[in-house]
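Lettered A, B, C and D in written order, each chain numbered from 1.
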Amino acid sequence: MTALLPVLILLTSLIPAAITFFLAQDSKRLRIALNLGGAVLKLGLIVFMLAEVAQGTVHETRLEFAPGLYLLLRVDALSLLFVSLSAFLWLLTTVYAIAYLRDGPELSRFFGFFSLCVAATTGIALSGTLISFFIFFELLTLSTWPLVVHKQNAKSIAAGRSYLSYALPSGAMLLVAIVWLESAVGPVEFARPVDFGPLDRTSQQVIFALFIAGLGAKAALIPLHGWLPAAMAAPAPVSALLHAVAVVKAGAFGVMRVVLDVYGLERMTDLGLALPLSVLAALTILWGSARALQQDEIKKRLAFSTVSQVSYIILGIALASPFAVIGGLAHLVHQGLMKITLFFCAGIFDERADIRRIDQLDGIGAHMPWTSVCFSLGAIGMIGLPPTAGFVTKIYLGIGAVQADALWVLAVLGASTLLNAAYFLPMLYRIWFLQPTAATTEGAKPNERPLGLIAPAVITAFASIAVGLLAASAFSPLALATQIAERQYLR
Amino acid sequence: MLAIVALVTLPLVAALMAVVVERRGEWIALLSVIGVVIALSVLMPLVATDGPVDLVIGGWQAPLGITLRADGLALAFAGMAALVMAAVLVSARTLYGASPSEAETRGQWAFWPLALLLWGALNVAFLSRDLFNLYVALELLTVAAVALVAIEGKRESLAAALRYLMFALMGSLAYLLGAALLYAGHGTLDIGLLAARDIGDASGATGSRRASDIMAAGLMTAGLAVKTALFPFHAWLAPAHAGAPAPASAILSALVPKASFVILLRLWFEALPGLTTPALLATLGGLGAAAVFYGSVLALRQNRLKLIIAYSTVAQIGYLFLVFPLAGGDSYAQPWAAGAWTGVIFQALSHGLAKAAMFLCAGVWIIAVGNDRLSGMRGLASATPMTMSAFGIAGVALVALPPSGGFTAKYLMLTAAFASGQTIWAVVLLLGGLLSAAYLYRPLAMAFSRDDDATFAPVPRSLQVAPLLLALAAILLGLGSQAPFSLIQTGRPAAAAEGLE
Amino acid sequence: MSGLAATGFDLMLCALILGAALAAIAVRDLFGAVVFFIVYGVFVALAWLRLEAIDVALTEAALGAGLTGVLMIGAVSRLERLTSRDQDQDAAGPQSPPTSSAARIATMVGAAGIGGGLAWGFITLPPSAGLQLAVAENLAASGVENPVTAVLLNFRGWDTLLESIVLLAALIALWSLARDQDWGRRPGLRQHARPGGVMATFGRLLPPFGFLLGVYLVWTGSAQPGGAFQGGTVLAAVWLLVMMAGLKAAPRVSSTRLRWALIAGPLLFIGVGLAGAVAGTFLGLPTAYAKPLILTIEAGLTLSIAATLALLVLGAPMAGDGLGPDQPDKEPAR
Amino acid sequence: MIASATLFGLCGAALIGLGLYGFVVQAHLLRRLIAFNIIGSGIFLLFGASGARDQLASTDPVAQALIITGIVVALAATAFGVGLVLAFAKVTGQTHLPEESDARQRPLKAGLPDRSVQTIVKDPAG
């Protein structure tokens, strides 16, 4: 079972993907059954694995390609953190997507790539070596492109082009970093400390920079974030996938892997890389928030908000102090839950009430209460008000900054929080306190049906509150993050 | 041993039969495919476990006679060729298959023997150890290939065929002259016996470098480079490959340049490793790099799908020549050696499969649209999803993204580049990959654009399956790269691991 | 010949060869160039005689000078008709190269460099390292006495087999150039020789002798210079003569009998090879049966080679009778 | 006194140079085929002469056999080449290929490849 389990988890989305491609457009039931079945099965297997890992079982699968080039799936705490998040959110996103797309065109293609995308994300989470990580990382790039261009209009094709023109060059840089490193130190496994002996200091720094550049495009670090707002041309479930479940997260997760398991916090600090990385993250946080403020479209504003929020994760890692690392790790989950809620809601506004711009939100709270409540919970979390998950993150990051003697970070956090408030609160104000305009009610009578559309949003919204409230419990993301960070410092 | 005989004679016998038996070419071709596949499936495991197998023709050992050797290199290419030929021959049935009731037409008669002769020549070129026998095989290959270019009889394809013929004839002559000089100097044409003479190695049997040997090596290299369409001898390739009907293009682009490349590999890594100089290796690598960039830029500027695919071949062939500076270069991080050499072979195999898939896709779309202009491709993603995915998957292999065979190739070559400190070639590999993504993106995006007014002629499903299978084979080459990897290592020349010079 | 006289003769022959070659390349009139090329071929055949390579000399005379010459002359006359609309730049008119004089000089220097380099490489070759000895040692086991035939049909029979297939490939390739509407016709232009003219007379008189000569060349090839290619060429010439004299029309390309004749040689050769493979050695000729086997193969090859060569000279099947207009297509096929 | 073999070998080298010059400079396709044949026989002569330098033995039979094979192969290629030239002339009325540099540049100027034959470069003299 130990060798099989990671593969099984991978197959729960790979097999539905493979079959879905060949389904006819009208075999709707089979398609739904496959995708939901796969998602439920995956979640079940992961829960099972959580229990096994808690007992100390090591799950490892190895597939040889050529000598030195092999695929290794290995489960550790960090992978569990990411894989549980993505599996949970995938299930909800699938439900949402089925409701959202209903009888649109090319559904088999869509859901095929949708599953493939999740398979790639799972692979990223479970990868035990840099090459395995890279293989799934590129697979993710490829499988998201058809989703981004799903609408097949000029705008989405342009978005797809923009996406690839960031993702492929950065993938190339990632490959250079990996090959350069491995050609000197041998295949890198995350579970084994890397012997940097053969590389001089400058090479180590350059390779690190290449790693960050390679992962930075997906993680939407400036100046590599341009594709993310453009990708809003995709349907809402895809946005949810990009921003919360898969793509952006994969980039941030990769940075974590490189910092924690390839270089190690200590080496990163010794090489003088911590400060530049944290400055980059801080700049991204501020820039993203500032740009979000300028947007009139809801989805655009949310997209820039993602640019900013994901960098909290990287900032936490870059500060390299225990609390900051825990905060960063936990934010991987927190941001996912909150941002997916916001995108689910934005999709419902768009789909059910034709609301795309912020000034159309006036008074919608009365018409679409569930959606509005969820949206508000997500927004409050993003600002970081207690007792939401976002609050937990920011507290930890703040303490971490003090620990790391980087007091300037406190200023960044403060400024960012103010900016967050500045772009979210006006939306909430419009939703709840303004009178509906003609434009708001002009569309068909807004409703929040079917259940498949609103239920995922409600679940993620309350989950984001729950992980904040229950942060102290043993099974919270924060607890898992603490466990991961502890290992770092005990090593 | 019988399997080797079958490998080289079956396509030839089938070609002869296709000449005389009217309107049955397709069936004869399919029979030969089955035969060759059986032969290969006997040979491959045998060679992988027991090492290379020799076929001493007529029982006359070299230098008097000719030896065919089934080593890993030969079988890997023969296997790839068999896959491509199978797909192409199946796909060609719609174009050149004859109905028994109607009178025979020119194309229906000529295509099958030409394709089969080309296949036979390829297998001989992969297996033969005799430089002059290789010359005859190359000539057979050239005649059949040029005829396939011209088979549609349009003015463009006739011009392309003539240009191709002129280049190829000069390439043959240069090669022949080189082989003659080697024979004159060493009394043998056998690659193994030439290797035993340690040519160019001051401590070896031949002593120092001789003018005639250097000239021979230069001439053969130039001749083979012309036939492989290495920059700057590439001018003939794109119009020729794009001018042929799609199944023929697939053979021409995927297989034909590989024959001369395999000979080139054998020439330098097996027969004459002692003659190399750093300048020569850098020159060949530099021309390869130039081909990568020039071919890619040209591919970016085309507005017809087949020309894009054809210029892509110019670029992809460039990678193959990086083997010369990159081979060897192992460091302690690599528990294996010969990374670049193996990587280049993977590149050639992966390119063969993917390129054939792409041309067959182009064939499907030409049927659907009526031409291969990019502007006509709107809406094809929805109309022909299977072909679209074949094209996309083949593109993944060409761009060398994981988990394709192209990626395995690129990884091995990149590792060799870094391990030997030659990062300049790594830059070529990476930029080349990005450029290929750029030129392949254009047709892809065009096909994905919605066009609700577009109407397409229906394409039989059987025609769409072949390219998909080929493209998947290119992916499988990466996913299951262990078996081909170990096969390629059997009979690997020492220079592949030690590096040239 | 005494040494000095021989060297003198050789020198003169070299000069003639080079002169003819230069003329074939540089002469302005295309037809003239072809004539010089044929003359050149004859001189080269003489050079082979001087090198005591009689088999090569026969081949060069028959194929290099003879058949290639006929082929080229036919091509010139057809080109003249096909390109009549721009006389000045093609067949009939003077040939003016597209290259500038600077480029010509550069080419000249380059070509001279390559020729000079080759000459240097040739002179510095170590003493002959040929395979005379190996051939001589194994000649007894080969089944024939002519060492060249032994190499062609036995030691390197695989080359010869492929070579016969190359010939066939060229013919298939040539036929594939026909226009679709001409498929199934007779290859080449239909010939009309004036009845009672020189051509017709030759056509009647020569074939019997030619036929005998061809068969003799094949038969004697096992012991003396000669063999399937030389004999086949003579037979091809005979057949060509008969067809050109209008005595017998060329067979249609769709003729099954013709097609079998084309593949008979290679097929027989492969068949013998495969039989050997089953017995243990691919293309292995047991010494006891080597001679009859070689003669059988040669007989088959001669038939196929003769037919293939003759048809290669005739060209692709086409409409038209050689007298009527052989115009370029007005509307280029797209 | 120079041995015949040496003389004819040098003659072969000269023929190769001469033929090469002709092949590059002549644009007429039939003339290129003639040049091709001249290079070919030059190669054979050089090859045969190298096998005949040992004056005690006769010319190397293996070299002779290879040359015979080579001559046949060259004839096959020439015959096909002539057929191709004729077919090209029949369709286009031309005996030259369009400029090669043009073929290389063409895709840079415009994406329409089938202009290759339409934009045949007029002979400068014509």
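Some points to look at:
The definition used in the following text is that a contact is a pair of C-beta atoms (placed from the backbone, for glycine too) under 8 Å apart; a residue touches a chain by one contact, two chains touch by 3 or more.
Each chain and its UniProt protein: A = Cation:proton antiporter; C = Sodium:proton antiporter; D = Na+/H+ antiporter subunit C.
Since the model is a prediction, treat every value here as computed from it, not as a measurement.
Put simply, the C-alpha centre of chain A and that of chain D have 64 angstrom between them.
With centres set at the average Cα position, the gap from chain A to chain C is 73 Å.
We define each chain's centre as the mean of its Cα atoms; on that basis chain C and chain D are separated by 15 Å.
The centroid of the Cα atoms in chain B and the matching centroid in chain C are 31 Å apart.
Residue positions 16, 46, 50-51, 62-63, 66, 69, 73, 76-77, 80, 84-85, 87, 91-92 of chain D are each in touch with at least two other chains.
Chain contacts: chain C has residues 118, 122, 125, 128, 130-131, 135, 155-156, 159, 163, 166, 169-170, 173, 177, 332-333 touching two or more partner chains.
Shared contact sites, meaning residues of chain B that touch two or more other chains, fall at 64, 132, 136, 139, 143, 146-147, 150, 153-155, 177, 181, 184.
The touch graph of the protein chains shown belongs to none of the named shapes. Under the contact rule stated at the top, the pairs of chains that touch are A-B, B-C, B-D, C-D. If you check the complex, the residues on chain B that touch chain C are 1-2, 4-5, 9, 12-13, 15-16, 19-20, 22, 55-60, 63-66, 103-107, 109-110, 113-114, 117, 120, 124, 130, 132-133, 136-137, 139-140, 143-144, 146-147, 150-151, 153-155, 177, 181, 184-188, 210-212, 215-216.
By the touch rule above, chain D contacts chain C in their complex via residues 1-2, 4-22, 24-28, 30-31, 33-35, 37-38, 41, 44-46, 48-54, 57-69, 71-80, 82-87, 89-96, 99, 121, 123-126.
The touching residues of chain B, counted against chain D in their complex, run 64, 132, 135-136, 139, 142-143, 146-147, 150, 153-156, 158-163, 165-166, 169-170, 172-173, 176-177, 180-181, 183-184, 235, 238-239, 242, 298, 301-304, 307, 311. On chain C, the positions that touch chain D within their shared complex are 3-4, 6-7, 10-11, 14, 17-18, 21-22, 24-26, 30, 33-34, 37, 40-41, 44, 47-48, 50-53, 55-56, 59-60, 63-64, 67-68, 71-72, 75-76, 78-79, 82-83, 85-86, 88-91, 94-99, 104, 107-108, 110-116, 118-119, 122-123, 125, 127-128, 130-132, 135, 147-148, 150-152, 155-156, 159-160, 163, 166-167, 169-171, 173-174, 177, 227, 229, 309, 312-313, 315-316, 328-329, 332-333. The touching residues of chain D, counted against chain B in their complex, run 16, 23, 29, 32, 36, 39-40, 43, 46-47, 50-51, 62-63, 66, 69-70, 73, 76-77, 80-81, 84-85, 87-88, 91-92, 97-98, 100, 103-104, 107-108, 111-114, 116-117.
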